[in-house]
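Handing you this structure, nothing more for now.
All chains are identified by letter, namely A, B, C and D, in their written order; residue positions are counted from 1 within each chain.
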Amino acid sequence: MSFNTFGHLFRVTTFGESHGVAVGCVVDGCPPRIPLDRNDIQPYLDKRRPGQSRFTTQRREPDEVRILSGVLEDDSTGAQVTTGTPITLVIDNVDQRSKDYSDIKNLYRPGHADFTYDVKYGLRDYRGGGRASARETAARVAAGAIARKVLPGMTVRGALVQMGPHKIDRAQWDWDEVERNAFFAPDAQAAGFFADYLDGVRKAGSSIGAVIEVVAEGVPAGLGAPVYGKLDADLAAGLMGINAVKGVEIGDGFAVAALSGEENGDEIRMGNDGRPRFLSNHAGGILGGISTGQPIVARFVVKPTSSILTPRRTVDRYGRDSEIVTKGRHDPCVGIRAVPIGEAMVACVLADHYLRQRGQIGDAPAWPFAPPAG
Amino acid sequence: MSFNTFGHLFRVTTFGESHGVAVGCVVDGCPPRIPLDRNDIQPYLDKRRPGQSRFTTQRREPDEVRILSGVLEDDSTGAQVTTGTPITLVIDNVDQRSKDYSDIKNLYRPGHADFTYDVKYGLRDYRGGGRASARETAARVAAGAIARKVLPGMTVRGALVQMGPHKIDRAQWDWDEVERNAFFAPDAQAAGFFADYLDGVRKAGSSIGAVIEVVAEGVPAGLGAPVYGKLDADLAAGLMGINAVKGVEIGDGFAVAALSGEENGDEIRMGNDGRPRFLSNHAGGILGGISTGQPIVARFVVKPTSSILTPRRTVDRYGRDSEIVTKGRHDPCVGIRAVPIGEAMVACVLADHYLRQRGQIGDAPAWPFAPPAG
Amino acid sequence: MSFNTFGHLFRVTTFGESHGVAVGCVVDGCPPRIPLDRNDIQPYLDKRRPGQSRFTTQRREPDEVRILSGVLEDDSTGAQVTTGTPITLVIDNVDQRSKDYSDIKNLYRPGHADFTYDVKYGLRDYRGGGRASARETAARVAAGAIARKVLPGMTVRGALVQMGPHKIDRAQWDWDEVERNAFFAPDAQAAGFFADYLDGVRKAGSSIGAVIEVVAEGVPAGLGAPVYGKLDADLAAGLMGINAVKGVEIGDGFAVAALSGEENGDEIRMGNDGRPRFLSNHAGGILGGISTGQPIVARFVVKPTSSILTPRRTVDRYGRDSEIVTKGRHDPCVGIRAVPIGEAMVACVLADHYLRQRGQIGDAPAWPFAPPAG
Amino acid sequence: MSFNTFGHLFRVTTFGESHGVAVGCVVDGCPPRIPLDRNDIQPYLDKRRPGQSRFTTQRREPDEVRILSGVLEDDSTGAQVTTGTPITLVIDNVDQRSKDYSDIKNLYRPGHADFTYDVKYGLRDYRGGGRASARETAARVAAGAIARKVLPGMTVRGALVQMGPHKIDRAQWDWDEVERNAFFAPDAQAAGFFADYLDGVRKAGSSIGAVIEVVAEGVPAGLGAPVYGKLDADLAAGLMGINAVKGVEIGDGFAVAALSGEENGDEIRMGNDGRPRFLSNHAGGILGGISTGQPIVARFVVKPTSSILTPRRTVDRYGRDSEIVTKGRHDPCVGIRAVPIGEAMVACVLADHYLRQRGQIGDAPAWPFAPPAG
């Protein structure tokens, strides 16, 4: 696997920089005959798009996706469908202002990839972070829209569950509310609080971290593997592969450290539908690296934007001590826009495992198994 | 990439089940001419080996590693060295007691992979967890011993930093202490407390979770990539790929949610050695997916063993409600033995990225760069 | 993909050197619940085994395969089946005579990998060719035996069709004859001729090349891809990946250069079974990289053994002009034993593509399609 | 590896159909700081471009390449250089005439991928062959132009050496001549003959096959691996991965069947430059899967275009016997335009192995080695 590709059978390769011509992706391995046109993709891009509230960067990008390959009009239905060949999606960059970055061209912003880029590659694209820009994530969101169509019956939704030290009230969780506020928060009261809180952060020229939760429902039991290719391992890589993410949890996550075996293990009873009914979901829908049929629950933490107005001590690329202030256009809480990105990564990982499972196993015998005779 | 292989240039494929003939691994892509004999590997296996204190499973396995391929005696020195071809390591299973498991053969232990295995594969190896057994991790530890020799000057060490709700005191951190107690705890006082605490858990037939921290020093700046192949994404996959792990963090991890940009971004000054000196390490040694040259800091949480003496509600493979009690031989805190496993996974990921960096980039121009003339 | 692994879903990693402890492989991704024990594998190894006639090397290896992992006794049937986890096969090396090689330890045999090994790795395993030995192919043959069981109804058979300048008479092709002679030749008369011819070569201390043809029947239409992952591209890589192979052809192969479009394109009529009936098979069962349902036909050429008794000019590892005579135990026509190896590689590639097809596509609509209404 | 990606460290993913919006590729893993602008790529596309003589399809495509990502202007030099991130190249489709294909929309052309596409994917892009079109190869040629810049000092050149049954005279080989005739033939006299010969074929509405030879010079010794990842195995896959290719040879290729060990093994003497001097190159520059430092010589055969004017028997997608005549715009000898494509594939494979070698081995000790003391 290369550095800019993820997935094994449902494979996504992304490309593009913040201030280049375009960002985009090639999705290879998508099953054929899935209805797909740009209207299936655009709504997710719109959700991620910057400049939609005062709480996100004011860069104005229409983020209109074009499909360059991999689809065909089906004669019998007139609908556009996938052909099974690589699907290429391109999103042009429109509102670059590279000049904004000329002051920091030779300086390393603390908390940013500036130094590491330079020392690795021997050069860096200083304009808006280059490849490390949040702009790259538009391509993932577009790929995720395709992934959602691969696994039949799957729903993937995300929500912001913590901003700064402030957590939402889980008792108030309402998925409909997520669409109503600028923070993708599932708790209306918390959303109100976040508005004031983040205004304060923003006006101070500062930034703050956040925690995002993604829930996938309708995922069949049996996806994943016991080791390495564990479903949770691939989810962890996918979510940690998003810029600025510093931690990933499945189910109860770090809280399991304090749980006893009795508290942690989800008990089981037979459901009326002939499927097992777990009496709780501490496992987050994954046991031994394989999906249980319960909702998959993953969380990840996004660090505060490193581009802030406060002067910081740093060095330049010539090894000289210096100070830096980052002006540009930035998100005070970049975690907000990470919600659709996290959804996309989870959808892509699940689509991939769905195809891998189908490849290796085909149809397992129907569960529950027939008891042995006698 | 397959389900039982990880790494790209330094590739590890493991095999074997808890109660089969043997466990082991094939390490492909290791550079040639690295001195390597079994004495380089055995100490790490000894550290992971069960039955060394009353706090780990009483299964008695000598865990003696044999090298089947990939090494050769160097005529000029008489030392055994790697040849650059696949290195195969085998560890025989000696102390299987499959009969211990006959009672639970058709039952699904809550919190275990029993149900998911069965529904995925249409069968399961009920003897000791089969492939999902902690026994599989011996192979990773063996591979990790080779990885440590690939990246010159790298040191990878792990410690248990939390058991149940009890955290160590970081002010008391002493790496030497880690070797002295049965918990790999870096805080002598905490270790004493853990002994009493875990005795209580063990006697109650229960189990408890833990958090492990792994620190890699001597890692050069420049390993990793801005997206997907981020060094932290591969560390996350590697650590989440260990059995029973439910969360992974890099640097400050989930705590960054509550940090401001000012608090989170590590400021920089030039060091006397001509390298940048970061004034803190909230980033855990990774910025934008690429190593900074600071210590790499990763943490992961291990859930409590699901095999406990308390009766639990469950179902069997024929869809019948039932109860289960797991007797067998189990770790009351499986997190303890996860310390050398976590170290091994971190070492393997870093060795792999070291080779990938050398492949793509070769030698970057020496940093700091020469200022432009004029 | 690493250097010692091939396949994507059905993945084979081999290990071992000519004069090390053992050779073997790990087969990952095999579907579960396939009956498999060592008796399914051993006959293919016996076919490849050296020392069975005066026409192959006199090294005496029992080549007994052991299964270390990935199988389980199925309670309901008592038969041993695959579990879906990695299957490890080991074949011990028994009859090493490393001393035979001490004379050529520092010398490079013309036509051998001696120089290239040394210049690549900075060392070489001079004992019997190390990793480049034909002995490595035992592991592939073992893996191929598993692959044969993955694709239901598939038969893969090979035959030697040319030795030196002498081709078999295709009009005399009899698959049963292949089992009857020491050359795997499908033409009894040619086999008789080859015996005399090769005796002459052998007594002269010389060696000769050969061409092998492998035919796979029962392969469903639809395996492969239009580009890169073309079924023929993976067959080419697999067959060229065998030691000493210098060319690969599909169907009419190099002869198509001289064909017109009319001669080359296989015409089609509907068969009585509702499948297309191709009126010829110039394509060798593959069109546009995808199987047609006709027999897959692949051919490859094996160069003459480079270890011969005639003195040759060469250099040593210290850069000194020298002469070399290779004594050791060698095959006068190493192409003979390449027959079961070629079969194994073809079987592995087809098993892999079968799983990949099932992963990406699942069930395509039944062909022929229903005509549009109206 | 996916179906539309090749390479391991230098990775090429291509996309696009004959009659879609565009074709193109993403090149991932390219080293940074390599000067690259579109003028480095365009000449190779111009060479492959159709419509340049009466001997290739009359489709008129400017084939102008655009670079969407992965490059940056280097401040110090003003030159555009690679950044080490994915390089995306797009070539718009301009001269599609999809209507040309409406007659054959439901019919399967003998020798074409029409049937296999339909049976695999359940649909096919009938317009110009879709993904299986020769148009896809423009993307490879563009990628190859980048690959050429990765391996310093490497030259990759191809030539047509056979058309129909007619071979060039190797004694007349002149690389300069290749650029002078419409066939990329290295023998002026043969080129003259081919003009008349192919006019005959073209006027008859027929087509003919060809053999192409690609030679890479300046390739260092040591690239490749002993098995599977053999340099020749990857060359075979790359060349067989080109549309219409049915066979691949390295060095003497199929002719080695008739050679003795004495004739085949290239003898060695020390050269004046301190490198080994091979006295012949039957091996085609590769021994044991690893480059020798001699020129790499590979050949491949391209079948005659299947789209011909002669009526052929076939079936349609509804399972009805039928007849077909293909009008469209086609190459009477598609092998001609395969010359720059073959060069590109060889360049990409070599660039990839160069990076892989650097990754695994870094610097091997200088050859020849110092003799042991004493």
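Just so we're on the same page, a residue touches a chain if its C-beta (ideal position, glycine included) is under 8 Å from a C-beta of that chain, and two chains touch if they have at least 3 such contacts.
As the structure is a prediction and not an experimental result, all values here were calculated from the model.
**Student:** Look at both sides of the chain C and chain D contact and report whether the same residue positions are involved, with over half shared, or different ones.
**Tutor:** Since more than half of the residue numbers are used by both chains, the interface counts as same.
**Student:** B-D versus A-B: which interface comes out with more C-beta contact pairs?
**Tutor:** Per the contact counts, A-B leads.
**Student:** What's the distance between the Cα centroids of chain B and chain D, rounded to whole Å?
**Tutor:** 44
**Student:** Could you give the separation in Å between the centres of chain A and chain B, each centre being the mean of its C-alpha atoms?
**Tutor:** Roughly 25 Å separates the two chain centres.
**Student:** In chain B, which residues are in touch with two or more of the other chains?
**Tutor:** 2-5, 8-9, 14, 29, 32, 84-85, 120-122, 130-131, 226, 356, 360-361, in rising order.
**Student:** In the complex of these two chains, what residues of chain D are touching chain B?
**Tutor:** My answer: residues 8-9, 29-32, 75-76, 84-85, 226, 355-356, 358-362, 372.
**Student:** Quick one: which bits of chain B touch chain A in the complex? Just the residue numbers, please.
**Tutor:** 1-6, 8, 14, 108-113, 115-122, 130-132, 136, 162-165, 201, 206-211, 221-230, 232-241, 243, 245-254, 256-270, 274, 276, 279, 282-284, 286-293, 301-308, 310, 312-315, 317-321, 335, 356-357, 360-361, 364-365, 367-371
**Student:** Which residues of chain B touch chain C in their complex?
**Tutor:** Listed in rising order, the residues are 2-5, 9, 11, 13-17, 20-24, 26, 28-29, 32-33, 66-70, 72, 74, 81, 83-88, 90, 105, 120-125, 130-131.
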